[in-house]
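Order of writing sets the labels: A, B and C. Residues in every chain begin at 1.
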Amino acid sequence: MTIFWILTAILTALAGLLILTGARRGAARLAAPDDAETDRLSGARELAELDRMKARGLLDEAAWTTARAEAGRRLLAARRAEGQLAVGPRDGLWVLGGVGVTAALALGLYMVFGAAGYGDQPYQKRVAEWAANPQGLDPSQVAAVLTEVVRKEPDDALALSMLGAARFEAGDTVGAASAFRRSLTLKPDNAQNWARLGESLVRANEGRIGPDAEAAFVEAVKLDPNQLGARYFLGEAALARGELARGEAMWAPILAVLAPNDPRRPELEKLLADARAKAQK
Amino acid sequence: MKRLFAASFMALLLAGTAMAEPAAGPDVALADPVAESRARDLFVDIRCVVCQHESIADSPAAIAADMRALVREQIRDGKTDAEIRQDLVRRYGDYVLFTPPFRWGTLILWLGPLLLVVGSGLVFWGRSRRQKTATAPLDSREEAALAEWISPEPSAESDKQDI
Amino acid sequence: MIVEFGSYALILSFALSVFAMGMATWGRIRRNPVLAGAASAGLLASALAIVVAFGSLIFAYVTSDFSVANVALNSHTDKPLLYKVAGAWGNHEGSLLLWCLVMTAFGAVLGLSRGLPFGLKTSAVAVQGALSSLFLAFAAFTSNPFVRLDDIPVQGNSLNPLLQDPALAIHPPLLYAGYVGFSVCFSLAVAALIEKRVDPAWGRWVRPWALASWAFLTVGIALGSFWAYYELGWGGWWFWDPVENASFLPWLAGAALLHSAIVTERRGALAGWTVFLSILAYSFSMLGAFLVRSGVLTSVHAFAVDPERGMMLLAILGLAAGAALILFAIRAPAIRSMATFAPVSREGMLVLNNLFLTAAAATVLLGTLYPLLLEATTGATISVGPPYFNAVFTPLMAVACILLPAGPLLAWKRGDAKGAVQRLRLALVLAVAGAGLAFLLFDPKKALAASGVGLGLWLVFGAIAEVAERTKLARAPFAETLRRARNLPLGAWGMALAHAGVGIFILGAVVETTFKVESARALPIGGEISAGPWKVQLKDVKIIEGPNYLAEQGRLAVVDVAGQKRERETTSERRFFPAGGQTTTEVGLDFRGLDDVYVVMGERTATDAGEPAWVVRLYWNPWARLIFIGPALMALGGLVSLLDRRLRVGAGPGTRRRKEAKA
């Protein structure tokens, strides 16, 4: 915070210094060619210009004469009779006063509109803070930490799986699928990751089980027939297509494992019953 | 394995497009090339009513595809360009055509710039004709005053020719 | 700390601009050079403060500091570094900060320049300070990019992937250099009105600013147009979209201004016109800013809108432009020049040029604002689009272009029309011959397009005729011609380049628009499609991964139907951005000489046989290259003119002046 105010003071002082330099240069201008001189030079240049244009054939003789007359009269009439430049004894006070008012204005407005004391929050710093205190982070923060870990070690399959899980929790289903996919490229024999990949794809697709999700679930069950989550989705997809036998085969282990009073049991049984009824029609 | 990954990429892409506008299939052009070119010319003039200032020729929106199909159908039915335009205006209002109507209210829109050029040109022409008195050349007194004021001549000016 | 430092710097910059305005006003009234010097330095300090502020904003973007609301809304950690930086000016607040940066920087240059009379310079510094104060106040108090968030999001909201493109990254800085450069012309014009003096010296100070701003604007607009052409995927490069029109208005006014300033610089004539055009050019810039940011216009590329801010911009526009125009109305008689000229003369042609360009600007202004005004007054909604502009704008500019080559061949004050036409005889013959050839060779035969080709050739040959006339080509020994060419001032070369550039642009625009061919078909791997003389075959499609997107990339072989030219490969992609859920296309461009073969990969579908297929759209854009080479030449011409020695004295630290004074 102190450093901030020091920087602020330095910037303001620099501005003031520039202004004072400018004021001093302005005082030196009194010795430099004044407006009358500038006008004289411009006038001379203008008349020489007309002569050159005539020499080049851009003005014919008659035109040159009248153009010169117009310009000459205008120049003679405009010879400055204006007031000389004048400096006063209290100019320095005026300038300093102005600088002071400006600085006060800037500071005052900043106090109203700024957020003094609010430090920078670079992304890397925040992620490092989260990595140092993993307790109490919400899923998106965990995902951010893991993204950094994975960026440093792209071949860490475990970190990728965890990243996928975190992103899934955080609601970034597309990112979760991408992470699971990368993990599976490194370690294809992880049945749970296949199942999670499938689930991410399903959720990304708003609950619809597409062919790719289904393929992922098939892979999961192939590696580990006890992947109940995968079995559930495969069964659901099968029943939706009307493949009753496959649906029953998929769900049988689930029904076997569920406790008799598990609330999910009646739902599954009802779905199976509906499918059977439809098959018989 | 690779095919599975390719498939999951596809899922992501398709999922993405599903979230965007439902993609309209490629247009079926009219068989007769003259009629098709009439259709194309009309498309440029018809505004896509849900887009931000795009014609149905350029817009990827589904309703633009519908409007294109409608126009093609009407050409096939033998309607003239004027009739098709009128029909669209009846459905959607003047808003749907990129050519503003030529009415009393839009007279300044259509004729304004032309009137501006012609009017200003006439004013300029009139003023230049009224400039009868030629400027007299500088007399010796004026020349002397000028020379006194100007000298010394500026020295290090460019010697280059002028345009 | 750095972000807050930037926030303070922005507010300091505002305070310093107010200081500069006040000090300059008081200094002018008392004719006190000390106060005036302090004011000029105040403008410089204000510019430096904004540089600090802008640097802090870029720092926040580069470190992905999501506690800054602006960064959280417009950035994402996955974006490549270039686009993180470009994201700083890709939104309303950031681009407004950029606008202020350019304005204060140009004001600082104005403050540092020597050779201007005291009254004029001090008044100009005061006006520039006033303009900067207005825009800095708008930035700092209504559109502050440094607003902080209490609840810091984990990730940013991601910039639109359409805008992640190198051309588009550089497009705003160039445009703003143009728009805001005209603010100095505005300040000098208002100062001239205050001082009641518009003379050739003033013309010489205004011209470099007008030229530089106009050149920047030309490049900025052309770059935006080129981006639209290769990015949006349907081959168009100008849509008469309201936002495009908003940038075109200051360009037209600026073109008129830089020509009118020539007359004022040479002969002191057209004083009123030049002052008016200076005010108009910057007023159009401010109007454009208002139209784009207020939500009043519907356009594909308006900023995220806020009507309240729009009203404030309108108030700034009304205040600044209104005050300037009222002053102009009052002081116009006082600045009238004595310089006279015949209607047929170089001045006369430049008056016509002013008229036509102003009428063209009026057309674009009417076409853009009329629907709004009509709806506001009568409630009726109409649309004004390309057919209107093609009917009104194009004939106007065509007539202006027909007259164009005669201008540089006429003498000042009283020109010889017959002589000029005589010297253009060859150019005319060649142009008509070219038009005839175009009619016969291009298919289908279109008379209007052929005459457009003739017009473009007329301008090009007319520019060559200009240079030939000045160097007495074929009328004097070659050594003499060379000598004259070497001595020809850069301004003459710049003029020839720029006018030729207009002609080349017309050639490209006419031919591309009339003769382009489009076709679309669903292609399986190995399928072919053709358009015009080119045929394209889809070789394969694969998935690739970019830094923050996934894409389907099609590889296509382009060969001409006759089989004579070399086969080349091009790729086109459909990119999907998971973070925002958007899909964009990358066009495949095969540059074949002057033509473009333009391929766009579309959605995946299937053939009737069930094979996977992709919708491929193929465009043949003949002479498309010229559409962008033309403006490049125009800008180059402007730059070359800027380097002319005549203009450099008086628009910067004037060491020459001091040498002359001492002599």
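Following the convention adopted for this analysis, contacts are C-beta pairs under 8 Å (C-beta built on N, C-alpha and C of every residue); 3 or more make two chains touch, one makes a residue touch a chain.
Fair warning: this is a prediction, and the values are worked out from it, not measured in the lab.
Taking each chain's centre as the mean of its C-alpha atoms, the one that lies farthest from the centre of chain B is A.
Here A-B and B-C are compared, and the pair linked by more C-beta contacts is B-C. Annotation: 27 Å between the Cα-based centres of chain A and chain C. Separating the CA-averaged centres of chain A and chain B is a span of 34 Å.
Measuring from the averaged C-alpha position of chain B to that of chain C gives a distance of 16 Å. Residues of chain A in contact with two or more other chains: 41, 45, 49, 53, 58, 66, 70, 73, 174, 178. Among the residues of chain C, those touching two or more other chains are numbered 338, 340, 578, 660.
The multi-chain contact residues of chain B, meaning those touching 2 or more other chains, are 10, 12, 14, 135, 154, 161-163. Looking at the complex, you find that chain B touches chain C at residues 6, 9-10, 12-14, 16-17, 19-20, 23, 25-27, 44-45, 47, 51-55, 57-58, 93-101, 105-106, 108-110, 112-114, 116-117, 120-121, 124-125, 128, 131, 135, 152, 154-156, 158-163. Listed in rising order, the residues of chain A touching chain B in the complex are 40-41, 43-45, 47-49, 52-53, 56, 58, 65-66, 68-70, 72-73, 75-76, 79, 174, 177-178, 181, 185, 188, 197, 201, 204-205, 210-213, 215-216, 219.
Of all residues in chain B, only 1, 4-5, 7-8, 10-12, 14-15, 18, 134-138, 142-143, 145-146, 149-150, 153-154, 157, 161-163 touch chain A in the complex they form. Against chain C, the residues of chain A that register as touching in their complex are 1, 3-4, 7-8, 11-12, 14-15, 18-27, 29-30, 32-35, 37-39, 41-42, 45-46, 49, 53, 57-60, 62-63, 66-67, 70-71, 73-74, 78, 82-88, 91-92, 94-95, 98-99, 101-103, 105-106, 109-110, 113-124, 126, 140-141, 143-144, 147, 174-175, 178. Within the complex formed with chain B, the chain C residues making contact are 234, 236, 239, 241-242, 298-300, 302, 338, 340-343, 348, 351-352, 355-356, 358-360, 362-363, 366-367, 370-371, 374, 378, 380-388, 391-393, 396, 408, 470, 484, 487-489, 491-492, 495, 520-522, 543, 550, 552, 574, 576-578, 581-583, 602-605, 615, 645-646, 656, 659-660, 663.
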